[in-house]
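Consider the two complexes below, in which chain A is the common component and chain B and chain C are the respective partners.
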Partner chain A sequence: MTTKYAKLVDTTRCNGCRACMVACKNWNDLPVDPEEFKGSYQSHDKCGANTWNMLTFTEHVAEGNRFEWLFRHTACFHCTDAACVKVCPADAMHFTEFGTVNTNYDKCIGCGYCVQNCPFGIVELETHTDENGTEYELAQKCVMCVDRLREGDQPACVEICHMDALIYGEKADMEALAEERLAEIKERFPNANIYNPVGVEGTQTFYLLAEPPSVYGLPENPRVPLSATVWKDYAQPLGKAMLGVTTMAVIGGYISNKLFNKDDHGADEGEESNE
Partner chain B sequence: MSSQQQTVKRFSKPVIIVHWINAVAFLALYITGLPLYTDFFSWMYGVFGGPENLRLLHRIFAVVFILPVFIILITDPKSFFHWIKQAFTWRKSDFQFFAKFPKEFFGGHVKDMPKQDFYNAGEKLNSIMQIVCAVILIGSGIVIWMPHLFSTGIIQWAYPLHNIGFGLAAAVVVGHVFLSCGHPNSKISMQGMTKGDVPVDYAKDHHGKWYDELVAKGEIKEAPKKKDKGA
Partner chain C sequence: MTNHWNDIQHTDCALIIGANPAENHPISMKFVQKAKERGATVISADPRYTRTSTQAHIYAPFRSGTDIPLIGGLIHYAIENDLIHKEYVVNYTNASFLVNEDYQFNDGIFSGYDENSRSYDQSTWTFQTDEDGNILKDETLQHPRSVYQLMKEHYSRYDVDTVCSVTGTPKEDFLKMAEAFCATGQVGKSGTIMYAMGTTQHTVGSQNVRAYGLIQLLLGNIGVPGGGVNAMRGECNVQGSTDMALLFHILPGYLPAPTGTERHKDLASYNKNETPHGGWWNNRPKYLVSLLKAWYGDAATKENDFLYDYLPKNSRNSSHISLFEAMYDGDIKGMLVWGQNPIVGGPNTTKEQKAMENLDWLVAIDLWETETAAFWKQKAGSNPESINTEVFMLPACGPYEKEGAVTNSSRWKQFRWKALEPKGEAKADAWICHNLAKRVKKLYQGDNSTKGNIINALNWSFGDGDYPSNDLINREINGYDLTTGKTVLNFTQLQDDGTTSCGNWIYSGVYPDAGPDEEKNRAKDRDNKDTGMENYLNWSFAWPLNRRILYNRASADLNGQPWSDDKKVIWWDGETWANSYDVPDFAAVKAPGTPAEPGAPALAGHSGDDPFIMNAHGHGGLFAPMNDGPFPEHYEPYESPVPNAFSSVDLNPAVVIWTGDYNEKGDRSQFPIVVTTYRLTEHWQSGSMTRNLEWLSELQGHMFVELSEELAEEKGIKNKDKVVISSARGEIEAYAMVTKRFKPYTIRGEKVHHIGMPWHWGYMGITTGAIANTLTPHIGDANTMIPEYKAFLGDVRRAD
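And then the complex of A and B:
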């Protein structure tokens, strides 16, 4: 098994500067995604096709009437058991040598299965127009700057983060670091926890959260949808097997009829009885 | 010669037309859906000029696939309801059919096949399977086509349902097509779906009850007893 790499998001260190958002747009050449002002410092509702990462701003009254303004850098989670990879019919969503999930735009057919099955609602389709004016859709999401990783660099968001709220490295090291930091902040944030959900066998973007996941709008126990498992692990192979069985039966029937079915019957009957 | 054989009317013009509209739509949907089912057929995107074109064609043929029900309800509802009623009416003779069928299928000659209805048990099974699959495919297809109208859970379940409907329907169709085009004992039935009539001998052998009804109604005369080959 290859070594997994991961991005640890320490929400308790984030000061909401949004440099990660800018760095991401910059490096990945993503167009602006203008939004109306909705009465919050938060810029976008969620990640989108052109906004691969963003900060959520949550106003939270914690125990003891303590007010907390919670910032969370959100992007693709790069699940170990990734629903998008499971349901992709074109092999476009795939795992990289870093354990992250990458999108192959040459293979993507824009079917949107990944969009409907992502447990975190991260993936989105984006309409592109080629030089002939033909419109086509491609799945879009954070790719953990895989091109930078391959050059030995850090993801753009990690490199720019001046608070050390984003740290990238070997998953094992990051998990150890998360535990270390968790111990440091336990006093100030008694509800602090590490969000590396087991339902999807851990994620390569994982969190040190100050409050329970639900406070941040995160699912407590995300997993690959049961429907996706039924679909890809049972229905599809069974369907193929069944088609194979009936086809073999038909071929067998055809051959055995050629061999044994030469007596009077069916179409030949009239002809022969006239003899 | 089969052309000289006495024949009896089996299917009406509207039934024949909607059957073939349905068949063409099914095949077209099958082909345009294939690359999504298995990566092995991804080269088809190139043939059809990209996944967008395949998706558009799939939706066009989806509408064509749904049309026959409405056409037959307007033009020949009697045949339609007769089919539905028969397909869901199962008697002892229908269940007995399947004990004898494999021998016949692989080239044997079953002498004691219990008398079958206008639709024999094999056709009934085929009909039920295709009706069920069509309901599954159309229902889930609408959800996949218009996801903004449905909740995430329903959309997520529509995919495996569409997949199951596809697998089942395709497997059944393989058998259906073989029995009508490839199997020597039953391929004469194809004439019923093209010209609309079948030889009386065929009706007697494969649809005994229907044959008896026709004789009782006086629509055909009892055929002379068949000469035994060896006699």
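And then the complex of A and C:
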């Protein structure tokens, strides 16, 4: 892959209409996931299996008693060094020709390693029922509307955004645009910054933030969990070679449960979904 | 809107007041953003910090119900600091006119007030004239009886300290706002005022808008790109429905509805009393006769006054509150509720629900069963056994299941093609109306009673099909030359002798000069090429005459040249105004400086420098009579936390006060908190559509009330607690949303709390919740009777 693409989320232009949320559910045909009253305009605590993007609403008092109501569109970051792809024992999580991270439901075995290892707390398992009434789980998350990208269209959330708070294009262009806008808004938002994490070798979603990442609940320096690296880059290839793929998946399940400890792996965005 | 959505991008300063476009008119923010990119300043003036405020440079909080002090303060600031657009004010407004010596204003009351009828005799609100009827003027603006001096005196009381003590706006914020907005008085600059129902839904709602007009005229902001007084309409076709006379007091095209008074006893009396000598409205008789020809066809003749007698004559006010009061009193026995949900959207829900119990029948036409349709059910708190109303529900099409035009806030009439077949038995509104009319006419066939004659005379020529012909409807709206059978070019061809017909004169030109086989519906025009200054003259049809910016003669100076190069609309090229970026709102070949013909009627009586052609005198009306005065004056809301600081008159002296059951007035000792209501992006109006859609219900699934951290602390309320909000009309329960976006106000030295809540919820649909309008009173504006939803008194406590 030569060209890198990215979705720029300009939080300073977002005015919180949440058309991105509805457009996502509409295009991807996702069911509702209604939650209890949150005490703010925010509808969900975090992204979930049926809510692939969502908007956070944060009331923040900055220096000089400057009040800001901050909105952040949050969805899968589509990391270049994606932990979910690394740990997936079934190759269900995979990279597309656009460098986005896609899910293959035919391969997903619902093991949940991706859920445990996502540095941003995005992936979630959803329970489905087959025609025999048997329940099974699938890992679900934003796929950057890869079906739309293949048709030359923009992701649904980007297409609907009338404020150009969401823009999708070649990453170098998006980075240049982010720099340009940063210069324009520095007066209005002195703490504005570009959040473009490098710890996961870059992401395909990055931000122009009005305030420091921590104000939005974002990890300052997200990274792929060490355990995931050990597992994917060393243990799994070795194991597959020695024991065969099926056996390795079973052993892998045991090892993963012991090995992966979510608390070590960077900050999460919020609480587990309770629905 | 005087201007249009796309034009907002040309502003140097947008004052967003009484409106929250980021939430309620989201697409408009695209144009606000473009203006910002061009360097514009954006001001959000609102009782609470909204999603719109996040996009503003300046946020100015003010207590709900104090627009006139706030704007009066701007007027005062502009005058005192000499920031007005002097050349514009002197030449284009009535600032120089000398006012009747008997006009007075004392302690909140204008001359001519009658306390018993709570109304004004407006005969002193006039101008001084010479023997020939010419208005006396002083173009130095120094004469003590000039409009300018009287206005200056009137608003001298609106100094910044008094204003801020009443509105609760921090002085620093007020001054930032005043400095930024009044800077648009500079020649070549423009400022826009974007407003919505936060402005109008007050006992002084109409005067709030008038106040915007005053400051905009003083700053030279009317008629120019990026200027204007711009009403953002809350529904896709509110503009169209108002134009088509959905309101009781007008006929299509803003002709006054005839009343059962001597003034309107026959066509000659109506024409005599409603036709001004000067200005465009001098043409009114042509529009009324052409309307009667459209409605009554061949049956309307010169000999029978074109059946003027058949028009209903209002014997009383028939606005929303009046209708429900009459229903409560048992005077109204049946109701068609069509795309409306008054149980959620109307004020004083308890009273209106009780009133509906008096109906013999109710027909509810909507996409879903609304709260109004279900008013008799247990979930409404009713006892079905004791309600005898027969309720019919007619399923209606959604917007994409039918064809037809809607008119947006820009006055653009845009045709919409049908995208989907309707589900089940759902029918388009036009089908329902068409078939209702056809069946009523059939019912009265051969009936020679007066009622039968009226119904039989009605012309209903929309084709023989089950569905009315949209094409024929549009031709009727445009109007016909009845001699040739072709449609008229536009309203300048309409006559008062019965040779033309026209369903709505302001839309005349939408289907121009077409023979029976020619299709020329300009509402279908879709050329998105910019024809200059983003006016897109070949996209849709804007009334009147496809004009995009009203009063655009005022965008040019006395020589007919634009005030600045980047604010060009129309200009005089030596021969005509017509070779411009917009259709001139002016006689196309009347040169600047052309003198008025003394005593001549209509536009002949105007000079080449009189831009306000609808007004008899051709000038912008700084001084202009309304039911409650010629200048906007502050009165407190019906329920207010403080006495009026500007006079001893607390309530607008010209509003109707409704008494009787279920309409108690709250007192500040018992209900100390200012309450307001509003909408959210995620829901629409009474929620009858959006609360039946899962994805929107998911985004805002709970009725809540927003309150400050300080009030929450005082009341022992925590975020997410269930609380009870009360007013003199009743109590409702909701979740508490404790927020920094509301702050306590300091009003006249005292701390006043302010809370607010959405009015979207009710007991039907996917997400249900308490009806905010349980709390609001029956009281309305002095001119329009629009209910005062936006400012009343209440209290809040924990629900346990």
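One rule holds in what follows: the second predicted complex is superposed on the first by the 232 of 275 C-alpha atoms of A that agree within 3 Å, B and C clash if a C-alpha of one lies under 4 Å from a C-alpha of the other, contacts with A are read in each partner's own complex, and residues count from 1 in each chain.
Everything that follows uses one rule, which is that contacts are C-beta pairs under 8 Å (C-beta built on N, C-alpha and C of every residue); 3 or more make two chains touch, one makes a residue touch a chain.
Computed from a predicted structure; not experimentally measured.
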Taking the superposition as given, does A:Ala90 touch the first partner, chain B, the second, chain C, both, or neither? first
A:Pro225 contacts which: chain B (first), chain C (second), both, neither? first
When both complexes are superposed, which of chain B and chain C contacts more residues belonging to chain A? B
Taking the superposition on A as described, I'd like to know which of chain B and chain C A:Glu59 touches: first, second, both or neither. second
Would you sort A:Tyr105 into first (chain B), second (chain C), both or neither based on which partner it touches? neither
Considering only the touch criterion stated at the top, classify A:Thr134 as touching first (chain B), second (chain C), both, or neither. first
May I ask you to decide whether A:Gln116 touches chain B, chain C, both, or neither, giving the answer as first, second, both or neither? first
What residues on chain A does chain C touch that chain B touches too? none
Where on chain C does chain A make contact in their complex? 22-23, 26-27, 29-30, 33, 49, 51-55, 57, 680-682, 694-702, 704, 719-720, 735-741, 767
Going by the contact rule set out above, which residues of chain A touch chain B in the complex? 87, 89-91, 109-113, 116-117, 134-137, 225, 227-228, 230-231, 235-236, 238-240, 242-243, 245-247, 249-250, 252-254, 256-261, 263-274
Would you tell me which residues of chain B are touching chain A in their complex? 1-2, 4-5, 35-39, 42, 45, 50-52, 55, 105-109, 147, 152-153, 155-157, 159-160, 163-164, 166-168, 170-172, 174-175, 178, 182-188, 199, 201-202, 205, 226-227, 229
Touching chain C in the complex, chain A uses residues 13, 15-19, 21-22, 25-26, 31-41, 43, 59, 61, 67-69, 71, 162-164, 188
